[in-house]
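One chain, subunit A, appears in both complexes that follow, with subunit B as partner in the first and subunit C in the second.
Let's look at the complex of A and B:
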């Protein structure tokens, strides 16, 4: 009985980590940068979903997801234009760029605190307390959304990268920006689109996570675990991010059950350290990206 | 020199890397529709000259005009739009893509639907995609890779990589094609095949500049040759006159022994 519930909850939280990890990986792949603001963009996405649900009570949940994704995509686009690109253009060192993303994260989290307050908020939707019974097991209804949105996003990303001109240009630029430029691909295009996409995916994660948890300016801390997931599955690999998300999500859920739930975070990192000791470049480093 | 206005024209182009002058005060005119060779011993600055023309490296001084327009400070992707495309000394391909996808990256700016538009209007997208794929397949057939369209790039032989890079460059529909040591690493059959492609492109009106080591390859193809040595232009003209030029022979073979001039001094005269 508890095993199935644990499994479902591990998979669900694994999906959330995986989605945020995809954001880490996409930006890393596009510009070799670890964007530590990724998790705070997820947090903003969760708040955008909250704002939509408050402003339009009764609005379908999936519209809140899409609205939050669009808002976050715009935010990611602006962040890249206003903060990242000028620093890259001035040839800032990677270390400073990473610090810059940390700073952006702090600005976002304090900005959210200023707008929505320091107290956690709960989504004003029936979904928050709703459960559905699956084969006799009571599960949070939002799992259903996660089970639909996650594969839909993965399929969408795959089609985007293989079937659109923009996706093709992005792959070229991520592989070798200088050569892509000799094919007429504007180098800045890849970075701004990657930021917008990674932010939108992060926002989807935030809105999906909100009903199982709460929404607060400091919920970005789960980004650290999503980062662990991205690293476990090899930074830069999208399938790796998904795999890493499941490993961390299931590992911390079952590990927490076996030892004690308050050690969940430590378990997540113990898994990351263990895997990196065995395979320092991550699980999917040999595979094609 | 022909009376046609040059399609590419370099004036006083110089590139310094720290204390090293890789390209020194080079003037160069390329007549439209011709095959123009850029030769010189190792380290003469040929590849750097290509980097300057394609925009991969900015110039330290001088101007580059393409088709009457000053492109000296244009970024790489805008020079492609203007009609300049290049290949690299060592093929630089996108390893994880298929052969067809690789050529399509060169087509993306010709795709009729805009980037985002292509995601929404599915009917037009399908038609456009079919059209672009057709163009890409035609280019693959031209370089003899039409059977490999779905092969992943990382699995290609060296010769196939060279040919694929040519097809990818052609996909951008350049008016000026810069080929950097396109015959190096190819066997004689492949070399002759590539020479055939180059002749065909020139016959269709494309202007081609070749950087080459292989003198025979260049002499058989080019109508005009420019020789660089230590970054400076030492000769320019039809292949026959250039190969007879004393400065060129000296640059390639060194000064004859009987002359008894120490090499170092000879170099100083040119440096």
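Let's look at the complex of A and C:
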């Protein structure tokens, strides 16, 4: 029983890390920037989901996910246009841009505290405490949503980036902005769209994570582990972000059990350090992104 | 540094120092600044927000009743976020910039330990209403007192009550991996062994952890008769929620959490039946003072006070009483307030009779409760 439960719990948490890590990677790939506000956007997404569920009691959970994703996409778009783009236009150094994203994260965190309060909140839906039994193993019902939404998002992203003009334009603008511009792609708009998309995926992670735990303005702290996941899988690689999420999620779950639960957090970072020592550019460097 | 109420700011320091005994008279009425440090944000914000609200109610009553004569108390508040270094910085700023005469708080043991480092050096009395870490009063601190039982007394009494009443033969202990959780766990384990109860396992979990299923699956394999979770309401809530998800139905002691609404929301149906020991349980004190407090609170807020509100309220009154006695003794200085605080005896508080011992520890009632549905029921009051 212990092994299967550890596996399920590690995979579920790994999915959340992976989704937040995808956001890190998308923005890094689009503009070479590590957006440390990504985890706070996840937190805002979780609160938007909460606001939707409170405002419309009984609304299907998947609608709360979509609503939060749309709200976060708009927020990400605005952040890019209002804060990031002007700094990039003034040729701000990468260090300052990273500090800027840290500042945005703090503003988002304090903003959430002002709007939703300092106390943690719980999603007012049966899903928060609902369980189901699968092959004799009790599981939180929200794991089913994670199991459906995560692959659906990955397939959706794959189709978007390989089958749609906008997706191809985003990839072109990320790989070679000058050439993409000559083909009619506006690199600035591509960056805005990437930000919006990354924010929407972060929000999905937040809404899916909320019923597992609770929502609080400081829940963005899991972003550190998500960033570790993105780095392990190679920053900029979407499959790498997912792989990194699973490695960190499963690693800390099994590692905590095998070594000592007191060091569960340290184990996640020990894994990252170990992998980067062996492969400094991450596990999927050189692979197609 | 002795912190007099007037001499420091006056050019006539010597003269005023000689006149200090007269401070109790209206002519020398002064504003007495008290620092307040607690988490007002973060995972344990409820401790601070409840305490602060009640502290303000107590201060309003004190001002209206003229308990301190013409002196008034001004509260200087700071949000620690539950972070010890933030608490230490806030206390240093309160002492240096605001020139507070005493500090009230912290709400958690780690932040209180950090605050003590500053208040001891500055010789400013610190009264905590919630900090339980046993070691806080075992290091020879001369300016620290509290009105919450030590972790050792609290946890040892809780172990005796729950294990005997449940007739448990084995217990599994889960405790936060910090001073607070570990000192509670030490006392719980020691008392369990003393009672002949087998400790089937003891796990120190990450204070910021949110995924406890691997620990719980292992715990279930040990098949204990009883589980004791010694942590804050966010972690005890999540642990009980995940116990429910794993369909682990073992009677559980959830520290002070069962009285907290957010604990019940986080844990959900799994919280039903949880046992707890509280700092204070509204309605458990049948003295005139205890009844008056709950009646007034009910009239003002249309609900009963929480344990943190009760403790915040009484803590301010204990401090005000010490200030009153220091003033009456003509020693209204930080040292005088400290001396009065450490000789508090038989104080009839809203949360019960409070006696502070010379080392800063307290003797006070301890209520035990059980959560039935959404209702908290008093099981036993240890006096």
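Just a few scattered comments:
What we mean here is this: the second predicted complex is superposed on the first by the 288 of 289 C-alpha atoms of A that agree within 3 Å, B and C clash if a C-alpha of one lies under 4 Å from a C-alpha of the other, contacts with A are read in each partner's own complex, and residues count from 1 in each chain.
Operating definition for what follows: contacts are C-beta pairs under 8 Å (C-beta built on N, C-alpha and C of every residue); 3 or more make two chains touch, one makes a residue touch a chain.
These numbers come from a predicted model, not from an experiment.
In the three-chain model built by superposing on subunit A, subunit B fits alongside subunit C with no clash. By the touch criterion defined above, A:182 lies against subunit B but remains apart from subunit C after alignment on the C-alpha atoms of chain A. In the superposition on chain A, contact of A:285 is made with neither subunit B nor subunit C.
A count of residues in subunit A touched by subunit B and by subunit C gives the higher number to C. Applying the stated contact rule after C-alpha superposition, one finds that A:218 touches subunit C and leaves subunit B untouched. Between the Cα centres of subunit B and subunit C, as seen from that of subunit A, there is an angle of 150°, stated in steps of 10. Note on the superposed arrangement: subunit B and subunit C approach each other to a least C-alpha distance of 38 Å.
The contact surfaces that subunit B and subunit C form on subunit A in the two complexes do not overlap at any residue. Subunit B contributes residues 54, 56, 75-77, 80-81, 85-86, 88, 92-97, 101, 104-106, 108-109, 111, 113, 115-116, 118-119, 152, 168-169, 171-172 to its touches with subunit A in the complex. Taken together, the subunit A residues at the contact with subunit B in this complex read 160, 164-166, 168-169, 171-172, 175-176, 178-187, 288-289.
Residues 1-2, 5-6, 8-9, 13, 113, 118-122, 128-129, 131, 138-140, 212-214, 216-218, 221-222, 253-254, 256-257, 261-262, 264-265 of subunit A are the ones that touch subunit C when the two sit in their complex. The residues of subunit C lying in touch with subunit A in their complex are 40-43, 45-46, 49, 177, 203-206, 208-211, 213-215, 217-218, 220-221, 234, 237-238, 241, 244-247, 262, 265-266, 268-270.
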